[in-house]
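In order of appearance the chains are A, B and C, and numbering begins at 1 in each one.
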Amino acid sequence: MIATRERGRSRLRQELPREAEPPRLLGSLARWLWLGVGVLALLLFFSLAGDDWFTIINYCLIAAIATLALNLLSGYTGQISLGLAFFMGLGGYTAAFLGGNPPQGALDPWGLGLPVFIWLPAAGLVAALVGALIGPSALRLRGFYLGIVTLALVFIGNYLFRNLSFITGGPQGRNFPVPAFGGFSLDQQNSILGIALTSGQQYFLLILVILLLSALFVYNLSRSRVGRAMRAVRDHEVGAAIMGVNLFEVKMGAFVLSSFLAGVAGALYVSYARYVIPDYWSLSLSIQFVAAIIIGGIADVWGSILGAAFVFALPQVIDYFSLLPPSTGGGGLSSGDLNALLYGLLIIVFLLFEPGGVIGLVRRLRPGRPRLQAAGASAAGAGADAATLKEGGESIEVVDLQQRASGPDEEQGRRRTGAS
Amino acid sequence: MAYFLQLVFAGVAQGCIYALIGLGFSIIFKASQVINFAQGELLLVGTYVVASAVLNWHLPFLLALPLGLLVTILIGLLFERLVLRRMIGRPPFTVLMITIGLDIILRTLVVVGWGSRTIPAATPFTVTSGFNVAGVHLGSSDLWTIGVTIVLCAALYYFFRRTRYGLAMRATALDQEAALAMGIDVRTVYALAWGLAAAITTLGGVLLAIDSLAIDPNFGNAALVAFPAIILGGLDSVSGAVVGGVIIGLTSVLTAGYESRLPAVVGTGLHEVTPYLIMILILLIRPYGLFGSRKVERV
Amino acid sequence: MSERPNYSTLPGHNHQLKANEPLLRVEQLSVRFAGVRALSEVSFTVWPGELFAVIGPNGAGKTSLFNVLSRVYQPEAGRVTFAGQELLRLKPHQVARAGIARTFQNMGQFPTMTVLDYLLLGRHTRMHSGILRAGLFIGPTRREEWENRTYCLHILDLLNMKEVRDRPLGSLPYGLQKRADLARALAMEPRLLLLDEPVAGMSLEETEEIAAIILEIKEQLGITQILVEHDMALVMGLADRVLVLDFGRVIAEGRPAEVQANPAVIKAYLGEESEQLPAPADDLPAVSEN
């Protein structure tokens, strides 16, 4: 198999010039080194960390999948969405329904007891399907309007989740059983290939594999025809359409795929928490993901992961070291509050001074990459504010005086002057 | 019938509150094409300050109210001055995100300062005050709400049509570059918009708090219900915000009033989402709101 | 450019010239724009292989015309036929697919995109990988990517831009940005190329380079071009035929020399600004600052 692929590649190389070869994932020594460092770090973490650490990291990895979903839609494609929590909830309840126990009591309403390899993809598919149904009308709207409609989804979803109690268990929520297939259950010690693994370690492996697959998928997308079209749509819709990009197709693609990933993340979350209530899927959850992509880095896979770590793992780490008193509801600074203050402040600071987020900062300061000389571009009055350009790190700082989001638009085909 | 009229009255009163909050959004949007996501948290801070002033510091309500307004106006002006002024010319998406940052900070500060428990709201009225007409109870707070909204709208109308700064704001909204060229100080206009919006929104919030008797850190979400109101009216239409607000208030209160008579399938809490459902419905038919205007793009 | 670049090496660009059938026919086109008439009953025909120029004072409706052809503006009345197809039935992205490429008057829409990515974006309609295949990035997708990168690098080579292939557009001098835009339009393999003020804001040297490229496109690739331009020397030197618009109306049409001598044209230009007087053909340097 590998041999034929290699042969195929070398055949391509004979036909097509080397200089035009698309960059390979592990095309440089530096990337191999980074991979090595990453694997080593994971192995160290895996063998040394205690259960508490696995809990923190597992939630963080789940959040990273959802952050990736939002970055795909908002970061790469430029469609503002505050509805991520809604799609996560859809995935979560789909998983709970398909994987849940048969009816037993208030906390165990309907459930089909299906195994994980059915409910996990199904959670993504159901969320994607709902996304596909909502998309055509939502994506006609632009900018703020889309943001506000997706915000409405969160509230409508919350209403549905509270009232469809035969699936969701109502406001009190419902249990989610241990993911198991046959005699193999994720909540107990299992031995895989002769190594005894704790529950946290097994979850870690499962979530890590899904995150890596999602990240690879999004990365590949971003460097392909579809990814270029997405960025073009984000930067200038009319310009993209003139170049032959079907705006609707591209936005729908991003919306549906984003919903799929959010659904999967929601299912993993429910499964790991073993319990789900409607209040999980709140507006503030959506906003946390917005914070994550801004702080981590817009339109960047690593940025998504870093952002998720910052927003979702940091408060737990602070708690773990008992740096601050736990929240009592009576005021005073708790770790969650400190973190919220910090990321609220960081959103402002990053947008003001480093629109590429943490990853933009890292990429810019990386040695061996000379800083971009942007002189001359703005002098010609091109309208591009070249000073905001940061090489490598992509940013949403697309200065465009001609396409202010002034309101939603109908389909590209019918509009403008004819209507007046 | 009396029940229905009672609901209509309450709905109009609540609609006026959404209209006030919606006006806050519209004024800022009109002046600077920015949706201020932190509007709800300005309102939150304002109501907490007023509540504290009355309940803890024992100030009379009529002194506490200007204090609350002053605090939020200051926050609005500071934010405009220190942050937004550096964002002029940046894409609206980015500016929306930056107001989300302010939103998070303000909300967290309220939790840190006052705690996450529910506290009573400050009110100058007793619950039962007011009078009855044909079996309909016209509560003082609701009457005041409606009155204040009417007076404010008239004042705003005068301000935008007749005063120098009002006209400057409208000119800036129409064409920022042209306004600059005509010697209008766009920065003053932005600052004015933020101060005005903060004050009007906070007033709406205080009136809403009087209506709901108690506040907690989620109180700012009330501003999110004003979103459907301004979307209905069209983001850039000030009078549209008022009409949208009243529509939203009426439907929301009427749904709440008749919810128990609806079939069990609809469950509970429908009135919390009717504004959003109506908004989505309207946007399906008219993607730019009832009164909103479309703009022409150039290439 | 010391050596004459060989554009005919570009695969895909061998359009059969059928001179007896018009490529683009615009009939009685009217555009109303917030109450103002931007175009009134404009009619003209462009033949295959032709370099057709549209000129006129500021606000004459030149860009509105392009916006109709790219389906950004919806005309009030009129008919546009492109290669036998009703153009006004297409959506903007289908226009590109049908074979019309357009350069932008102002750059700055895609400042973070690298030059090579920008050209690849131009290849959008010529590539096929959908979301699933792109996400997996194996086999056919990789091959497609490689082939199209080869194609784009070839264009960059012809336009002497290969060394900036990985620079973000926004970091380039304005002239290079506009040239990259022209390269991107070429990458679309168009049958009709709409050039929206290709030399606006360029130095004399840059203008001459672009003029040379435009001529090569016409002579070697046989791509039909419509040129909207203020630079009168450029238009008169390059165009086969010229259409003059004033206040949205056609006031003259014909060969450059005929148009230059037309009293209505002279009046329209004198009425506006004297510096935009149609320059005599031998007075090349004087007009190209803009």
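The working rule: a contact is a pair of C-beta atoms (placed from the backbone, for glycine too) under 8 Å apart; a residue touches a chain by one contact, two chains touch by 3 or more.
All figures in this text were calculated on a predicted structure; none of them were measured in a lab.
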Note, CA centroid farthest from chain B's centroid sits on chain C
Find me the chain with the mean Cα position closest to the mean of all the protein Cα atoms on display. A
Roughly how many whole angstrom separate the Cα centroids of chain B and chain C? 49
Between chain B and chain A, distance of the C-alpha-averaged centres to the nearest whole Å: 32
Between chain A and chain C, tell me the centre distance in angstrom, where each centre is the average of that chain's C-alpha atoms. 40
Residues of chain C touching at least two other chains: 33-34, 70, 72, 104
Mark out which residues of chain B touch at least two other chains, giving numbers and ranges. 296-299
Do you know which chain A residues sit against two or more other chains? 238-239, 242, 385, 398-400, 402, 415-417, 419
Given the complex with chain B, which residues does chain A contribute to the contact? 78, 80, 137, 140-141, 143-145, 147-149, 151-152, 155-156, 159, 162-164, 238-239, 242, 283, 287, 290-291, 294, 327-333, 337, 340-341, 343-348, 351-352, 355, 385, 396-410, 415-417, 419
Please output the residues of chain A touching chain C within their complex, sorted ascending. 8, 12, 16-17, 19-22, 217-218, 220-221, 223-229, 231-232, 235-236, 238-247, 253, 257, 372-374, 376-377, 379-386, 389, 391, 394-395, 398-400, 402, 411-420
Of chain B, residues touching chain A in the complex: 33, 35, 83, 86-87, 89-94, 96-98, 100-105, 107-109, 111-117, 221, 224, 227-228, 231, 234-236, 266-270, 272-273, 276-277, 279-280, 283-284, 287-289, 292-299
Parts of chain C lying in touch with chain A, wherever the complex brings them together: 31-35, 38, 70-76, 90-93, 95-97, 101-102, 104, 106-113, 117, 120-125, 127-131, 134-137, 139, 141-147, 149-150, 152-153, 168-175, 177, 184, 188, 201
